[in-house]
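What follows is a pair of complexes built around subunit A, which joins subunit B in one and subunit C in the other.
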Partner chain A sequence: MINIDTFAYNSKLKDRDPMEKLLFTFVTLSVCLWANSIIISLTVLLIMTWSTIYGGGIPRTVYFKLLLIPMVFLIFGVLAVAIEITPQPYEFLGSISFFNFYLGVSKAGLITATQLFFRALGAVSCLYYLSLNTPMIDVMSALRKLRCPKLLVEMMSLIYRFIFIFITTAETMIIAQSSRLGYSRFMSGYRSLSLLISSIFIRSYQQADKIYTSLESRGYDGELNVLEKSKGYISTGYLKVLGINVFLVILTFII
Partner chain B sequence: MSEHILQTKNLSYSYPDGTTALDDINVNIKRGQTTAILGGNGAGKTTLFLNLNGVLKPSSGNVIYGGKSIEYSKKGLTALRQAVGLVFQDPDHQLFSASVYQDVSFGPMNLRLSEEIVRKRVEESLIKTGIYDLKDKPTHCLSFGQKKRVAIAGVLAMEPEVLVLDEPTAGLDPKGVGEIMRLLKEMQQDLGFSIIIATHDVDIVPLYCDYAYVLDEGKVAMEGSPNEVFSKAELLRNLHLRLPRIAHLMEILRKNDDFEIGNFASTISQARKEIKRWRENLRLVNK
Partner chain C sequence: MKQDKAFLILSLTLILILQPKSAYGMHIMEGFLPPIWSITWGLMALPFVIHGFFSLKKTIDEAPKLKLLIAMAGAFAFLLSALKIPSITGSSSHPTGTGLGAILFGPTIMSVLGMIVLIFQALLLGHGGLTTLGANTFSMAVVGPFVAYAVYVIIRKADGPQWLGVFLAAALGNLSTYTMTSIQLALAFPAELGGFIASLTKFMSIFALTQIPLSISEGILTVLVIKSIASYANVVIPSIQNIDEGA
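After this line comes the complex of A and B, so read on.
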């Protein structure tokens, strides 16, 4: 997770208007889900991969490793769709008998499974485009502009900030515990973990208290009003989003 | 305009559980000066600061800003918090946003200023604190010293009359300590605000401060110019503090090695002057 975060801050597309990237991601994602065709899904996968690797400058190896993560779930999910269990062997391309049942793959099942596989992969590539090229702060500022409930965005931004403090605290505590052999045996490890969790809870509570005090001293009145750095708005960017998606929709109808 | 910008009169504060944190504190902060609040751990420095900024309300006594007792109404508090800016010890307790720019803009936004003015102030304080290059970096990628600067920038953007810093040098490396203190003094010369720092780093006090208070168990135990305070070594040691290293050296030279050094010295330059004078006197005697 932290890795994705660092890549987003180093992406070449970092300073692009976040709204454009958000739109590009979700419109293309919707088209990919709606079209439900292997060609469209592959095109989306290609466009998104190209934009992320060449546009954003994300290292190729990192990107493909990241794509492997959902692959495990995808393969198992797709297998469940492709393989059918029936009492009679019917329309199967190949099957094995299994007591009174037949395990087999039909042509229709295979097509559905492949479609599903590429559709999901295309969708994942859209989301990777967003998360690898857009710092979280920008996503939140775009959500704010989209009139997402203020409370929600404020919570998101606080959670995002404190995840990192939380991780550092937990890390230091785990190191301190293991340096005193806290995790050397199973039982002591068990005990150390419970101590870790309870003290992290107490720390978080204290942290919340302190941050509230410091916000109050800067005039907090119930709303976290902040200004964002203005990002360049380029209309050609939006035109590109529109163009690509119109092309995809037309392509769907032609096929 | 009164000579004192911020004062406390018989200020006492007890926490809800009954422990008395501050007991009859009288502090007078002079306009444009740097005042040190010294004291060991748990002496009440942070509690005093929270009272100065109106986050805590005194159990008895007053906080007086610019000659007027402060009002604990919403309007009064907003005005006070603009005028008295508080920089906390641990920047992770102060920086709530993952974006440096957003965090610095929080204070001025709460003052209901126009966007244009807020932007100007944010940029200015980022430049003044020397972290303009960090404005696009996420907070969690900064070093401790950098976070400290962001915390200072966030308060500076509110353009306070008094900058109150809790342990500004704690956790910084020796170079960082020098840099932060010089930065504060430079900004003070530019902008003319008053500075209050809580510290137990006694070595920085004679270098950067004009006046010092020593707190102990919630009471003002000593006050005076740094040299006045540090000339009472025994008293200071009873209060969990020590002399600045140079002052300690000079004390040993005087007591144990028969150096006849006239004036009290607690910084390197003062000590150098005194030792040179001593050498001159010695030469004259020998001739």
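After this line comes the complex of A and C, so read on.
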């Protein structure tokens, strides 16, 4: 389920300065949203896909499967933007009458929807560039450097740790339950799932207690300090970020 | 007439094909909102998150032991959103967990936890996004939990049965999240004809297909979960005051 995390730890870009990757993601993302043009979005999609697949060494099939995740929302959302519903006919490019209503697509709606489709796709590729090439630990160390409140970052790192404990527990339990036909019927599925959730909840309560006791016996005073591996800082990396985005901005003005 | 039929068949097939993954439709995807709305919803969510953060800080300063417990709660909320609810059609949907979280931990803390969970969902699962984080936080971590909590408290105050309170809290928490998401989308993309209202109708009716059955199943599930937690509550977890034993 958490494939993205595994790929991030195996990425060839893993040891790059996380700040550079964050900057690249956010600046390109902003340019993509601001430009709102099909060509810029496609360029962003191309650059980010290329950086992830060739730069990061993420398998192509995995990448394209991941791009399908937001597709359901995207298709529904874009259809809702494109299709207008009116009681009387309007200057549509094409329309269907449906009971007493007209469902149609107008020219402006079509343009907005197409722009939206590609813009969102470009933006998703930026998100995946970050998440497929940056281990979460690095994201959090970058947040720490950006003066994010200490408690918030610590909360994030604790939650991140616990997520994996829970998922392993839940997976084991689901296998145990389904091997006893726990999910074979609709109602038993509900019962099994509710048992699963409540026992994970209770177990996590007890586990939190135990973890606190063990931390306290090792001198815990409210802070978990860890040594960070220093990441290679390459100034050409930042120049690349700057170069690509200046190029994108200029391209926006030319078109 | 023929076109009517074709449209019906097309929409039915679409529903059947898209159903299995539909529950993730709750999160507005990366890049879907124009920049101005991304910023606006970020600013709308910010006061709630800040307030939640300070109340979290206060809680932890008073009882440091709770820090790990709250982190566990956050991971629990993440796990909930990754589980599948079995449903009649054989497809599956995912609970939001906002109702359960709000009942167990209170809505203020849920706003911070919800935001963290949304960040992880975007980065680890590809659901939601970074630029839409503000909008998603507002609908899923602010509106949902507050509605759920209010419903629960009102029903308990009125001496309603616990199961009814939990069911309505979870179901309405889910529904209010979906309504808020539709409002956000409609504001960002008003229809050419009829503006905001027409657009809202469109988004609401599209998401209603998936969200109304989902909110009912989440309600049922949450009742079952609270019931079995309550049977342990007094033994194991003395700190949960919101649940009565043996409900």
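Definition applied: the second predicted complex is superposed on the first by the 232 of 255 C-alpha atoms of A that agree within 3 Å, B and C clash if a C-alpha of one lies under 4 Å from a C-alpha of the other, contacts with A are read in each partner's own complex, and residues count from 1 in each chain.
We take it that a contact is a pair of C-beta atoms (placed from the backbone, for glycine too) under 8 Å apart; a residue touches a chain by one contact, two chains touch by 3 or more.
Small disclaimer: the values here were computed from a predicted structure and weren't measured.
In the superposition on chain A, A:136 makes contact with both subunit B and subunit C.
Once chain A of one complex is fitted onto chain A of the other, the partner contacts of A:208 are limited to subunit C, with no touch recorded for subunit B. Counting the residues of subunit A that each partner touches, subunit B and subunit C differ, and the larger count belongs to C. Touch criterion met: A:160 reaches subunit B and subunit C at once.
Touch criterion not met for A:53: it reaches neither subunit B nor subunit C. Shared-chain residue A:226: touches subunit B; no touch with subunit C. Applying the stated contact rule after C-alpha superposition, one finds that A:5 touches each of subunit B and subunit C. In the overlay built on the shared chain, the residue A:173 is in contact with neither subunit B nor subunit C.
In the superposition on chain A, A:191 makes contact with subunit C only, while subunit B stays out of contact range. In the superposition on chain A, contact of A:116 is made with subunit C only, not with subunit B.
When the two complexes are superposed on chain A, the residues of subunit A that touch both subunit B and subunit C are 5, 136, 158, 160-161, 165, 207, 211, 215.
Subunit A contributes residues 1-2, 4-5, 25-26, 29-30, 32-34, 36, 66, 69-70, 72-77, 79-81, 83-86, 90, 96-99, 103, 106, 108-109, 112, 116, 119-124, 126-128, 130-131, 136, 139, 149, 151-152, 155-156, 158-163, 165-167, 170, 183, 186, 189-191, 193-202, 204-209, 211-212, 215, 222 to its touches with subunit C in the complex. On subunit B, the positions that touch subunit A within their shared complex are 50, 53, 55, 74, 77-78, 81-82, 85-86, 88, 90, 92-99, 101-103, 105-107, 109-111, 115, 118-119, 122, 135-141, 154-155, 158. Of all residues in subunit A, only 5-6, 9, 14, 135-137, 157-158, 160-161, 164-165, 207, 210-211, 213-221, 224-229 touch subunit B in the complex they form.
Subunit C contributes residues 3-4, 7, 18, 21-22, 24-25, 27-32, 34-35, 38, 53, 56-57, 60, 64-65, 67-76, 78-80, 82-83, 85-88, 104, 112-113, 116-117, 119-120, 122-127, 129-131, 185, 189, 191-194, 198-199, 201-203, 206-207, 217, 220-221, 224-225, 227-229, 232, 236-237 to its touches with subunit A in the complex.
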